[in-house]
Amino acid sequence: MRVAVYREEHFNAAHRLYNPAWSDEKNDSVFGKCNNPNFHGHNYRLIVRVTGEPDPETGYVIEFKTLSDLIKEHVLRHFDHKNLNLDTPWFRNLNPTAENIAIVIWNILRKQLDNRLDLTVRLYETERNFVEYPAA
Amino acid sequence: MRVAVYREEHFNAAHRLYNPAWSDEKNDSVFGKCNNPNFHGHNYRLIVRVTGEPDPETGYVIEFKTLSDLIKEHVLRHFDHKNLNLDTPWFRNLNPTAENIAIVIWNILRKQLDNRLDLTVRLYETERNFVEYPAA
Amino acid sequence: MRVAVYREEHFNAAHRLYNPAWSDEKNDSVFGKCNNPNFHGHNYRLIVRVTGEPDPETGYVIEFKTLSDLIKEHVLRHFDHKNLNLDTPWFRNLNPTAENIAIVIWNILRKQLDNRLDLTVRLYETERNFVEYPAA
Amino acid sequence: MRVAVYREEHFNAAHRLYNPAWSDEKNDSVFGKCNNPNFHGHNYRLIVRVTGEPDPETGYVIEFKTLSDLIKEHVLRHFDHKNLNLDTPWFRNLNPTAENIAIVIWNILRKQLDNRLDLTVRLYETERNFVEYPAA
Amino acid sequence: MRVAVYREEHFNAAHRLYNPAWSDEKNDSVFGKCNNPNFHGHNYRLIVRVTGEPDPETGYVIEFKTLSDLIKEHVLRHFDHKNLNLDTPWFRNLNPTAENIAIVIWNILRKQLDNRLDLTVRLYETERNFVEYPAA
Amino acid sequence: MRVAVYREEHFNAAHRLYNPAWSDEKNDSVFGKCNNPNFHGHNYRLIVRVTGEPDPETGYVIEFKTLSDLIKEHVLRHFDHKNLNLDTPWFRNLNPTAENIAIVIWNILRKQLDNRLDLTVRLYETERNFVEYPAA
């Protein structure tokens, strides 16, 4: 009788995609306009899914506000209105593609949740480009 | 060759979250503003998913209108423009959290569907707070 | 060179539509299911529009956060997770239709804004039913 | 460590639902207004999901633009601003229900993707009527 | 103290854009893929705005359901699941561009509304292409 | 008989809000997290409205694709995947608030349109924060 609980949050950040081991030409050819040296940015839409059994006394798997506060404290505080490449420790040596950002957020939140709860992270880079980790 | 068919419906209802076995203080501390004694309300957005094999003669797993009519007759007729705690039989002794409402709706609709069809219910309490039952 | 600045906020409330001067029959015939005595509810979506000239030093007509804080302090604090008929002073003798709620919110916010700024309030009762005051 | 990558595209098409082996009466009774002989149409919203492991050098499972180009070349070019029944080869003998269109699109795209990648297709016929193939 | 009341409705229709007084070449060059001889189609999203003073007894300018029923009876009944060019009388000699469809709908609804009420029609051909008549 | 035609486009950009004539303290107190020295970013949603009379031969005020191409050539080409402060000439000495970006875009597009057409620009910085210029 497992129920999935979803909470959507948003953060606005700058980033740049490139591989420092590559030439400028190769970076341009692979990452195109996403490799702009002065960065560009997105309104990232983040949907966190937590799965478990509802507590019989409250009817909650996890309270929406509790989940929202966890995301704000452990993700948004570090990501919102930041430059992902320059202002956060996670993307010093990791390209901030949507795939990698979703994996980083999953690793951050996984540590904050009880083991009986499962976790999935969906991240929208734009309305039409998005990722989910782990894939079902 | 199973296909999932989804139909979205809406209902507008009042509710209050609390556990009658608890003190007012405990209810306030756990349920916060959702425990307002005079109720509050939501536009619930309901997405019902039915999975099966398309009929070779029609190309349908289940016709969208058939699914919509089932939801209207067995769910919306009882939930729309109602007070979930006072006007429905299901939440007399069950706290109407999003989790519990989704489970109740699943139990109602499960009885209306052929056994060869699988059923999942997603319920949005707000745009950013939603649940799914059963969790995949 | 006037610019309109918009901020969207949300509140979840219960309400009931009826006219106490009328018989039950007349209330039912005019207000239908919106006259449910135990209330029903909505996720109200509120879009506040403030029009003025940008300040040359900041580039702002009004900062989004300032506008958001005004709405939260003067509207949401009184309306969110409340019963509009029973928990607020404005709808004791005024039917909480979308039209009347929008006019009440306009009157509340008008007092908080400098005279050089114009104000319009849009209120969504559902995704498909909404109002704006004053009408352009 | 599999990640799902989603790309949303749109196409606008006319179609008609009917089974040529049936009488007009039976077609009308099963397909109703969708059986209009002069066709009707939809803005189809298509979400393609591709699942795999991110490449360690790029951080991509598949680049959003690569996926978008594949969909445009192999699906939209044939479906957008077309009559699905008359202008495409796939629905000469197959009823263009949402279920069947999703299966056709899946078969088209499956051939274009590396075997290490999984594929799912979601198709919205309207905002409230949609399907997914294969069902998870 | 005028308030604008909005109701959103939807219809799904096929159409073709062309000018019968022109050559095929000119039609193709002006209307492009919208000139497909076998038609294409859209989920049209229609937002009707009616402006007036709220009735002091009800708090309504016009009841949402009344407005919805007017649109269903006088517009959707004729447009939904139809071919605009072939199945309706309005576009026999009038090109069914979004502009012209909006003007036709305005003329239909204007006759159904009391003179003290103002009317505006917004029509979405796609999420990103839409029109409004009359322009404010 | 004027009709408004709307086209929605998107661009993803980095920016930073600050006034170089002010101290760091004053910039922080006025612009808060929007003053992050390494920039942040947004998916800007741009809705351009052009008003005029439909051409009797085509039924168009302006073709959606023509309007889209104008926006792409004169706005998106300069703004999309850019740093508004560093990569464009317009915000060297002008703070890139939503208000100022909308005015800049209006000035760019005004030069591209015939005088018989009116122009309004709406710009969404986030889903809930947006502006319009000129204000009606």
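Think of it as A, B, C, D, E and F in the order they're written, each chain with its own count starting at 1.
Following the convention adopted for this analysis, a contact is a pair of C-beta atoms (placed from the backbone, for glycine too) under 8 Å apart; a residue touches a chain by one contact, two chains touch by 3 or more.
Note that the structure is a prediction, hence the values are computed from the model and not measured.
Between subunit C and subunit D, the least number of touching-chain steps is 2. Between the contact lists of subunit C and subunit E, the overlap consists of F. C-beta contact counts were set side by side for A-F and B-D; A-F has more.
Look at the contact of subunit C with subunit F and you find different residues on each copy: under half of the numbers used there are shared. The equivalent interface to C-E, defined as the listed pair sharing over half of its contact pairs by residue number with it, is A-B out of A-F, B-C or A-B. With every chain reduced to the mean of its CA atoms, the largest distance from subunit F is reached by B.
With chains reduced to the mean position of their C-alpha atoms, the one farthest from subunit C is D. Chain geometry summary: the mean Cα position of subunit A and that of subunit D are 28 Å apart. Shown for subunit C are the residues that touch two or more other chains, namely 127, 136. Checking each pair of chains for touch leaves A-B, A-D, A-F, B-C, B-D, C-E, C-F, D-E, E-F. Only residues 1-9, 51, 54, 57-61, 64-65, 118, 136 of subunit F touch subunit E when the two sit together in their complex.
By the touch criterion given at the top, residues 17, 19, 21, 30-32, 94-100, 102-103, 125, 127-136 of subunit F touch subunit C in their complex. By the touch rule above, subunit E contacts subunit D in their complex via residues 10, 12-15, 33-34, 36, 38-43, 80-83, 86-87, 126-127.
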